[in-house]
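What follows are several structures.
Two complexes follow with subunit A in common, the first pairing it with subunit B and the second with subunit C.
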Partner chain A sequence: MTDQAITAAPFVARESFIELGARERARALLDPGTFRELLGPFDRLTSPWLPLQGIVCQADDGVVIARGTIDGAPAVVAAIESAFQGGSIGEVAGSKIAGALELALRDCENGRPVRPVIVFETGGVRLQEANLGLAVIAEIQSAIVSLRRHVPVVGVIAGMVGCFGGMSLAAALCTRLVMTRQGRLGMNGPEVIEQEAGIDELDATDRLRIWQLIGGAQRVASGFADMLVEDDASAIATAVHVAFSQGVASPHRSEAVQRYLDSLARIDPATVAPEAMRAVFRPCAQQDACDDPACGQHAAPQANREESQ
Partner chain B sequence: MNEAPLTRGERWMRALAGEPATPAPVWCADAPLGGTRTRFIAVVPDERNRFVRARENVVGLEQGWLLARAVRQAIDEDAASARRRPIVAIVDVKSQAYGYREEMLGIHLACAAAVDAYASARLAGHRVVALIVGPAMSGAFLAHGYQANRILALDAPGTMVHAMGKDAAARVTRRSVEALDALGETVTPMSYSLSAFAKLGLLDRLITDVDADAPTAEQIERVRDALVEAIAGIDGSERDLSRRLDNEAARSTRAASIEVRRRLAAQWDAA
Partner chain C sequence: MEHLTFEYPAQHVVTSRAHVGVVGSGDLEVLLWPNDAMRTQVAVQTSVDGYGHIWKSVLDRFFSRFDGAVRVEINDFGATPGVVSLRLAEAVEAVQAARDAGGAADPGAPR
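Our next item is the complex of A and B:
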């Protein structure tokens, strides 16, 4: 789960992943020629709630679901389109992601593994569909927890919107997370924190401080994400391939309860800073196994049980 | 010594489970419910918490991981046994903790750990019930309650489910609080009321005529009975959340959720 050395093409030969829309992002992650969209724009399944509020719908409700293969294995990509309502999760958008993961689970349970990828680009719940947005995010989370026992669930956070709100919890449940330096991962966006806690807590216009706090480089260095990749479509596709080749994780990050409670106990809230917290939270450098009893990342299933004491 | 009135979470925890076995901010206790040993869990204020943004009944860094620990402890203790004790999440959570340190230290993962634990308990065969006795807001509700097999709520002032507090939601959507309330009348998922939440097919039971702040012994007994009934109604093989779509209310208000799944299944395998 350590940072992989994935080299991007020379700068001039790169194709920016960030600049791609959701449909092209999904295409870039699947093996060439295998992209097949499900519930595409011609299905016209749009939000039932936006027109009631005078907001124009989009034919795919801002989520692209595509089947295809990754390294020849059956796969499904759910890619969120940030250009529609900031990538926010409404009933239809969220149900597309949850439904795709539920079908992947069904196939896995029937002995036909499907590799699931989620491309996060979202502020979280679409407030115009408030309670249904929250409900479908709970359904997405439930599906990830079930599915990742069978197959790695791989998340990509490329930017520029990033991944926030309830969907940041969904990202944290993924087996592995691929990020770029331009990606951001946090529960509460900087503007929300400034609004709720005041400008002394966080100045949402202080860009540098925010990147140091929740940007891709920091998130990988502190072990909240696994691979830091340049903004290059083929480099990100390679990282996703690598993430699948590493297999199912045990324990998952979100299961390492004692390890993270211990890490928190070693932090002094009065003085903690992004640079210093890395030493406490950073992922273990050992690839396969390590002797450090404090390392929750390579614990055998038996040892893992002790984490709940 | 501050004699602050009990929060709803504290009050209902004591009423249903007695003395908590763990300190604030996450109270946990095993107590009999209808003759079955049941684990009760609540998030309560912790006025001396090291993280100043997480001193009220909110889900912060420690709360998220401690919820996960309380749930996983029950899973592990029951793993070798044929009986899986039911788990009741007593929900009175105003929000997640909003703060600079919270983001730095991964509040998103702390909350995900709680989600993971509750979902894993359900998958392991524990019957999980959420009892909403106060606000059940946003990310805090995702972490504490929303992965349950059943959701019950007290029909009382102050109980609500929503994605964002009213004032903040009004600011973000550029509406007045009054306009937001009016909108909730016509756009069901926008409403803060539990009766609207029930229309979405997400609420299994609204328990009426209960004083949420000062319940009588008879009212506590009725809530207890409702919990026993809800737990008894959970089929042991029911491990996922599909029931939330498989009910009369959902068939009308969540028709789009159902249709998305139907068409996805039809298109899943290439023709």
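Our next item is the complex of A and C:
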């Protein structure tokens, strides 16, 4: 699936996806003219917790939910606005995403497939709403796992905030992830790692190093994301179309537990480098089966263990 | 955080609504929608305290030129007066474009 070549327009002809706000991103991913927002700013579903802490609310709590079509098929896009509170997931913002996914699940179960897309641009849970934010992130994750059996759940990580914290786990549960070079995907952000483990562990100002570790190119090369696309709105929309056309995955990345345990066992934390991560975790190029004993991706009996329990 | 309200006389009816901006650093969000009464009412929620007189100057000037009967809600995250005026102009432009096109300012809104 990484072999899909998605070519972007020449640089000057591109429309940057990164520079778009959440609403325009959602619009760019849906077929032209089909964008219809649910629970928009005039519904004023705002955080009840931020004003108590002296923080100004945004009328949509930083999440845009839009219905429309993708390649003519019904779709729902949940796009996170990174400019509001760092794209953090509070109770309302997260509930909007979880609710949209749960409604899509209900439609799928009733034989009306809905294509779900999540545009991740988030530092993770909103610390001002800590436990409620965490609870709702769990709901989002649970909805993704239920939904991905019926229809691919496609995530987009364009940058520049990236995708961190609990929402990085939600991203990892998606069927397929589309990233740009500017996008980053990781559990803890560089500043947090430096603060907690010291500058010897990671210098958060070393941008080259950080992108080598968690940037889109590295994540795709090591199989934690699926498609690397230029920062171009139409190229990203095309990548999302392709991701849906590839159908439901089997097994899902997060079900290949033994494969990842085996790969992790081959990593020496003392000497690991970005290239070693690519060598060990690189996705297998074979579509259906392969003879490579080091490839755990096609070990179906092990990979399906989680699902069958 | 400070809450400020302003009121101005209005001359004509506005039929559509608009939403522009984001509550991000140095920026603000404007929600603008038709007012049932023939006047303009503005409610500002701002993260920066003590600038009520600046808000009054910026809004007095803006609503001396635009006299539609609207309600305006502003959620501000430290926007400068220039940004405030630009965002208001953007919102007004959106409702005027909708009026000229004979439709709603936000076609994505649920009906």
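The criterion applied here is as follows: the second predicted complex is superposed on the first by the 288 of 309 C-alpha atoms of A that agree within 3 Å, B and C clash if a C-alpha of one lies under 4 Å from a C-alpha of the other, contacts with A are read in each partner's own complex, and residues count from 1 in each chain.
Keep in mind that, in the parts below, contacts are C-beta pairs under 8 Å (C-beta built on N, C-alpha and C of every residue); 3 or more make two chains touch, one makes a residue touch a chain.
Note that the structure is predicted; figures quoted are calculated from it, not measured.
Of the two partner chains, subunit B is the only one touched by A:Q195; subunit C is not.
Contacts of A:S234 after superposition: neither subunit B nor subunit C is touched.
Of the two partner chains, subunit C is the only one touched by A:A66; subunit B is not.
By the touch criterion defined above, A:Q246 lies against neither subunit B nor subunit C after alignment on the C-alpha atoms of chain A.
In the overlay built on the shared chain, the residue A:Q58 is in contact with subunit C alone; subunit B does not reach it.
Of the two partners subunit B and subunit C, it is B that touches the larger number of subunit A residues.
By the document's definition of touching, of the two partners only subunit C reaches A:A83; subunit B does not.
Using the contact criterion defined above for the overlaid structures, shared-chain residue A:L38 touches subunit B and also reaches subunit C.
36, 38 are the residues of subunit A that lie in the contact sets of both subunit B and subunit C, per the superposition on chain A.
For subunit B in complex with subunit A, the residues that touch the partner chain are 50-53, 61-62, 65-66, 68-69, 72-73, 75-76, 79, 95-96, 98-113, 115-117, 119-120, 123, 138-139, 141-143, 146-147, 161-164, 168-169, 171-173, 183, 186-191, 196-197, 200, 202, 239-241, 244, 254-257, 259-261, 263-265, 267-268, 270.
Interface residues of subunit A, counted against subunit C in their complex, comprise 21, 23, 27, 35-38, 40-42, 51, 54-59, 66, 81, 83-85.
Only residues 1, 17, 19, 22-25, 27, 29, 31, 33, 45-47, 73, 75-77, 106-110 of subunit C touch subunit A when the two sit together in their complex. Those residues of subunit A whose C-beta lies close enough to touch subunit B in the complex are 36, 38-39, 43, 45, 47-49, 52-53, 65, 67, 91-92, 95-96, 99-100, 102-103, 124-125, 127-139, 141-142, 145-146, 165-166, 168-173, 185-188, 192-193, 195-197, 201-202, 213-214, 222, 224, 252-255, 257-258, 260-261, 264, 267, 269, 272-274, 277, 281, 305, 307-309.
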